[in-house]
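Which chain is which? They are A, B, C, D, E and F, in the order written, and residues in each are numbered from 1.
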Amino acid sequence: MKRLLFAILALTASSGSALAQEAMEAAAEAAPTLSSGDTAWMLTATALVLLMTIPGVALFYGGMVRKPNVLATVMQSFTTTCLITIVWMVIGYSLAFGEGGAYVGDLSNLFLNTLSLEQINGSIPESVFIIFQLTFAIITAALITGAVAERMKFSALLLFLAAWSILVYSPITHWVWGGGFLADVGVLDFAGGTVVHINSGVAALVACLVLGPRTGYGREVIMPHNLVLTVMGASFLWVGWFGFNAGSAVAADGLAGMAMAVTQIATAAAALAWMFAEWLAHGKPSVLGIASGAVAGLVAITPASGFVDPMGALCIGAIAGIICFWGATWLKRKLGYDDSLDVFAVHGLGGIVGALLTGVFAVEAIGGTPGLLEGNPGQVWTQAYGILATIIYCGIVSFVLLKVIDLVIGIRVKEEDEREGLDIRLHGESVL
Amino acid sequence: MKFVIAIIKPFKLDEVREALTELGVQGLTVTEVKGFGRQKGHTEIYRGAEYEVSFLPKVKIEVALPDELTDRALETIQRTARTDKIGDGKVFVFDLEQVVRIRTGETNAEAL
Amino acid sequence: MKRLLFAILALTASSGSALAQEAMEAAAEAAPTLSSGDTAWMLTATALVLLMTIPGVALFYGGMVRKPNVLATVMQSFTTTCLITIVWMVIGYSLAFGEGGAYVGDLSNLFLNTLSLEQINGSIPESVFIIFQLTFAIITAALITGAVAERMKFSALLLFLAAWSILVYSPITHWVWGGGFLADVGVLDFAGGTVVHINSGVAALVACLVLGPRTGYGREVIMPHNLVLTVMGASFLWVGWFGFNAGSAVAADGLAGMAMAVTQIATAAAALAWMFAEWLAHGKPSVLGIASGAVAGLVAITPASGFVDPMGALCIGAIAGIICFWGATWLKRKLGYDDSLDVFAVHGLGGIVGALLTGVFAVEAIGGTPGLLEGNPGQVWTQAYGILATIIYCGIVSFVLLKVIDLVIGIRVKEEDEREGLDIRLHGESVL
Amino acid sequence: MKRLLFAILALTASSGSALAQEAMEAAAEAAPTLSSGDTAWMLTATALVLLMTIPGVALFYGGMVRKPNVLATVMQSFTTTCLITIVWMVIGYSLAFGEGGAYVGDLSNLFLNTLSLEQINGSIPESVFIIFQLTFAIITAALITGAVAERMKFSALLLFLAAWSILVYSPITHWVWGGGFLADVGVLDFAGGTVVHINSGVAALVACLVLGPRTGYGREVIMPHNLVLTVMGASFLWVGWFGFNAGSAVAADGLAGMAMAVTQIATAAAALAWMFAEWLAHGKPSVLGIASGAVAGLVAITPASGFVDPMGALCIGAIAGIICFWGATWLKRKLGYDDSLDVFAVHGLGGIVGALLTGVFAVEAIGGTPGLLEGNPGQVWTQAYGILATIIYCGIVSFVLLKVIDLVIGIRVKEEDEREGLDIRLHGESVL
Amino acid sequence: MKFVIAIIKPFKLDEVREALTELGVQGLTVTEVKGFGRQKGHTEIYRGAEYEVSFLPKVKIEVALPDELTDRALETIQRTARTDKIGDGKVFVFDLEQVVRIRTGETNAEAL
Amino acid sequence: MKFVIAIIKPFKLDEVREALTELGVQGLTVTEVKGFGRQKGHTEIYRGAEYEVSFLPKVKIEVALPDELTDRALETIQRTARTDKIGDGKVFVFDLEQVVRIRTGETNAEAL
């Protein structure tokens, strides 16, 4: 009877709808139902994140290599998309989001065998959630290929990425988003600063160290062959990233909107920061610079996107733009490794900067957690903890995997293949 | 017969071609090339790595000529291709032993 | 009074919302209302399907021709988009979805003259439904251009595609989706395996046979000039296909989600299947191979996407990848026709395989119809019936149309035009 | 008590839902709430409009310049995207949509400092509205770069666009959409014919006049280097324009659907009109022609898209296609200015044609306002008034800005830079 | 030794190369060039602006030959590259003073 | 004066150019070419159709030299371009009759 009264009251409330609305919402929370609006957005967001890898990363990277390697490079992103899809369906999703414990999910969803039409996750179909998350698994693996471009064996790369996705990506996703131990200690990672970017950046660094520099690196001219492709890739990354960050709200609501707003602002700030830094340092602003800066900004705002406000985004973007510029130019030269397309400088460094600054700029009114500037310095330490855990685990397992694969089938192409170009030697094709 | 190779600045190609045509030259062949010379190239910087690009885009004109036209052709090329800035290019003259027109089989003078 | 009681009861039901929800839904069914969520998704899906043709098909095909024909090739897709839009608005939509009878719609909607702002189709505006369906009509016509690439007269192509869309595409759409006879017998075609792919594939085969092979075919080197474009095209096809298949649910719901999931899985499976088949057969995995395989998988899952589960999708993809590889390499050479860009092998064969396997793998819990594996072998025959009807009708009418156009204005360019390239000869343009 | 009765009555009404619906809607209007469906669409529309600039405009323009300027050209669009984002966040949005008066908004929203998570604009989050509008500010500025391509100093361009966006774009937006004087007199501009296209077209014309023609213009061969890029750009413009026009409904409803439908139809009509006009005039249909025509159609339907029906769209498209063709070929040659990529002919002229024809073809049943054909000739004059106001204000301020910048830092590159190409000279990069 | 430069239509390249190989030619070098000659070019129109494109795509074959092979090579090129349509191209013959094979340092006849 | 044409492997270009510069060569011209020779090409397969691609990317260096520099230049090219693998390329030497520097009109020796 109480309910009846409540319902009638609701309908009679002064505004005639506000209370009813609330009543409905309360009820809805009790028994979650599908929202077609949220579902519409998440279907779209999934398409947008897929766009980030194909053609986004494929072109972003493809434009930066030398011409005889361009097909091999875009093929790496394309094949990774296919490969990780199967890995995710077979086991990856289960390990990441299956119940499990603090460190990894269980095997209850192998082959997505429990998926039904009616299954719901929050207010969207479980199927949409699975594929949305899949697109994250795809891009994380695809990003790594930039570090090993122009010299890694195709077969070894496929083996490595499949194993890495299962042994590194899925567990770390579980730590942060699957109810694992990093979630428990309160690490903030809205859309994957840790899971996606630090993770891929560290794996990339390890991979390029294990692989060694390209033949002629540092002595010969190794220049990007077509930066139009790279700008196109950066553009698709930017547009697609709306799905990445605003999609991580898993709803079409104010939080998604705010995530989109801060993404746009931080990206622009980072792009301009990199461009002006370069203009000052080298006398000319370059399109590779501003495109790289945009990606650095996108990376850095990723963990923060559901937690900060526009001013915070502006700061995060500007700082990330400058630090990643420094990483890709000064630091890399200093340390002497050959990370072909600067995956570590952009995604690794950018991810670390973003994760830390999330702890600094988090606004309670937005994401529910205050940051350093709102008097909660502890959050920075929590963030650092998440970063460290990821670096250590990812670094060690990536290293071991690569070494094992190298022993078994070898990870590097012959010098002759490098000289003639991977397109012809590995794939029997060329761009005329 | 002579065979003349001229390396010139790309944007001068049309002017030179027209001047040679007026002179009576009926055909020539053009290639895009990269030139290295006194004219300095430029620096390209990609993410901090500086590359000295010493080559500049040039255009190579090859033209076979009857002996009597050679001097005027040289003069014409030199006049029209000239901008008085460094990098204007060079003209090289070779002796040409034999020419065949593929379509007709004509040779030498008639083949030009 | 019964209604009042019902309504109050609904509001007092134990969960406080479930019953109310049902009551609302029941009511909603009685008088359909617009869902902003469904509309949001269908607006997006429409944009995604348009993306499949421009720039998707344009680039996919443009990269595979020789350089002096690249503009002519992308122009064919672009012009088809414009042309079919006008054809659809003038008459195509009416013939496809107008009331009519078992074989073709009527002329009640010429020039969309009955369209109003308030008109609704299911839960979305009629206007959205019309344009969503238009994008299907566009891509079906655009796909055909791949078979006649590098040698068909532009004027003849336009004439043919306009007539074909009216005389073949619209009727067959009516058969399957407009309440025609194939719908009546229970042919399953969720997103267009029959209507779009078998249809375009068969028309393509007929067209390249009527047209004859390209000059020099089989003797001279005829190689793709820039597969980066092709990979880009395949990427847009893949991303856009989410709109194609998940959009065919015409709602943002669990069915759309499941359609997206199986699309992703089948595509990846087919791409890898083609790649590994080629790796085995020819010693090298190629980017053209994996991109072709992806498209083959997208084609094959199209009819099945609202009827099968992830495991079914995996199987359909793998099988389609291998069969289409066999079609594009072995079968084509054996039969000796010159289908320039393998429209028949990928869309025709892929569509047939997909339509048949829909009958095999259909899952009652998903699409309402069981397939062979759930004990309903009859569905396979029903599918075969739909395939045959499409092949016969499309084959005959396409043939007659081409022959008539050939008689009247000629369908093939001069040999000289082929030698110099269509870009310069037909369009007065070139890529430098 | 009346309300209770009303509510109960509503639930008992014959259809069981229609009245309830209305009751809810009435209530909803009283206290606006967020619609997840509308929000989903507007998040998507924002991504689509961003896609129009990067990579849309970047590629559309990049393909039309000579090869040594392609990177500089795409960089202009990319940098404009970043720059205007910051300008908009800092002050532009406030000037455009802040309360203010009849001519310009106020400074109450500097740095978006009042934005909160819960703030709503209509039925979508304020954050989404801000970024959606930002993408319009971006593309308007980016379009201008086409007129000054291949010869304007990068630094001067950035200065000009930032100042122009603040002093011209924001006020004019306020006039039309921010409650300013053009809104008051009833100027119809659904998605930006005046604000975006006439505005950018006029600024473009002024800029190319102030700047002077390119070195060698009219004497040397200045041909597009790669129209594949241009077709790609036109494709992204087209697809993205769905977000532009249908997004301007700021809801996922019948109006959005109708806007999408008329956009598709007008674009196709204009593209074919331009193509056939060219075919007649010059003997060959070109891909640059049809792509230009498509953009002309998109431009012309922009102001009309929420006000006209399909037949109106067909007429507007066809007329705009022919007039813009005439503008880009005959008029430009006649007047002798060097608008490198025909921004004025396509966006200026197209915008004017569209704005006027909106007054002719407006249908009361769609947008609430009748046009000339429905017996309201006054609307054409109102439209003309809006056009004139925009041309005069934009023309004068653009001219003054350019002259001032020219005095201070110079707006034109050295002739040597033009000769060697902007890529190398201004940005230290090149496409190999 | 002689050095032969042949300008031919692009689609004839494979045929000519095969014929020369049969003749015993072991190597040659190919460049994409643009030719201007009696064969007229074409007009390109971009938004109303007409450009007379006077150059047509051609292929240049360079081949060094021992003296005794020269005549037969000329004949072979002329025969295989011929389509009897204007624009078939030209063959130029030069005297070649010296040849070195980089890999081995062999010179002249052995180096070919 | 002599005119030297060297066909070399592309990645050797910078090394050769530097070595020639040290020798005193002030200018040269470079073209991307495709070479056919003892070094075998490769096979490309597109959807089952195999194409024998007999041409490999090479770089052609053209340099005009005073007679006295020729031998040392030949030796330098041969030394620096050499990888001892098949396909290293060839050097051809021609007699050069005349040279003009376009910018100044200087001729022959001074024009180099």
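To be clear about the criterion, contacts are C-beta pairs under 8 Å (C-beta built on N, C-alpha and C of every residue); 3 or more make two chains touch, one makes a residue touch a chain.
Keep in mind the model is a prediction, meaning the values are calculated, not measured.
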For this session: Tell me which chains count as touching both subunit D and subunit E.
Result: B, C
Exercise. More contacting C-beta pairs: B-D or C-F?
Worked result: C-F
Problem set entry | Mean-CA-position distance for subunit E and subunit C (Å) | 47
Exercise. If you average the Cα atoms of subunit B and of subunit C to get two centres, how far apart are those centres in Å?
Worked result: 53
Problem set entry | Computed distance of Cα centres, subunit F from subunit B, in Å | 17
For this session: Indicate the residues of subunit A shared as contacts by at least two other chains.
Result: 8, 35-38, 40-41, 44, 221, 223-224, 252, 282, 284, 286, 288, 428-429
For this session: List, in ascending order, every residue of subunit E touching at least 2 other chains.
Result: 31, 44-46, 53, 94-95
Seminar exercise, completed: Checked against the stated definition, the touching pairs are A-B, A-C, A-D, A-F, B-D, B-E, B-F, C-D, C-E, C-F, D-E, E-F
Exercise. In the complex formed with subunit C, which residues of subunit F make contact?
Worked result: 44-51, 53
Problem set entry | Complex interface listing, subunit C residues touching subunit A | 8, 11-12, 15-18, 20-21, 35-38, 40-41, 44, 48, 67, 223-228, 231-232, 234-236, 238-239, 242-243, 246, 251-258, 260-261, 264-265, 267-269, 271-272, 275, 282-288, 290-291, 294, 309-311, 314, 365-366
Seminar exercise, completed: Seen from subunit A, its contact residues with subunit B in the complex are 221-224, 278, 282, 284, 286, 288-289, 292, 328-330, 332-333, 342
Problem set entry | Touching residues on subunit C, where the partner in the complex is subunit D | 1, 3-4, 7, 23-24, 26-28, 30-31, 33-41, 43-44, 46-47, 50-51, 54-55, 58-59, 62, 70-72, 74-75, 78-79, 81-83, 85-86, 89, 111-113, 115-120, 124-128, 130-131, 134, 154, 229, 252, 426-429, 431-432
Problem set entry | Residues of subunit E touching subunit F in the complex | 3, 17, 26-31, 62, 64, 94-103, 105, 111
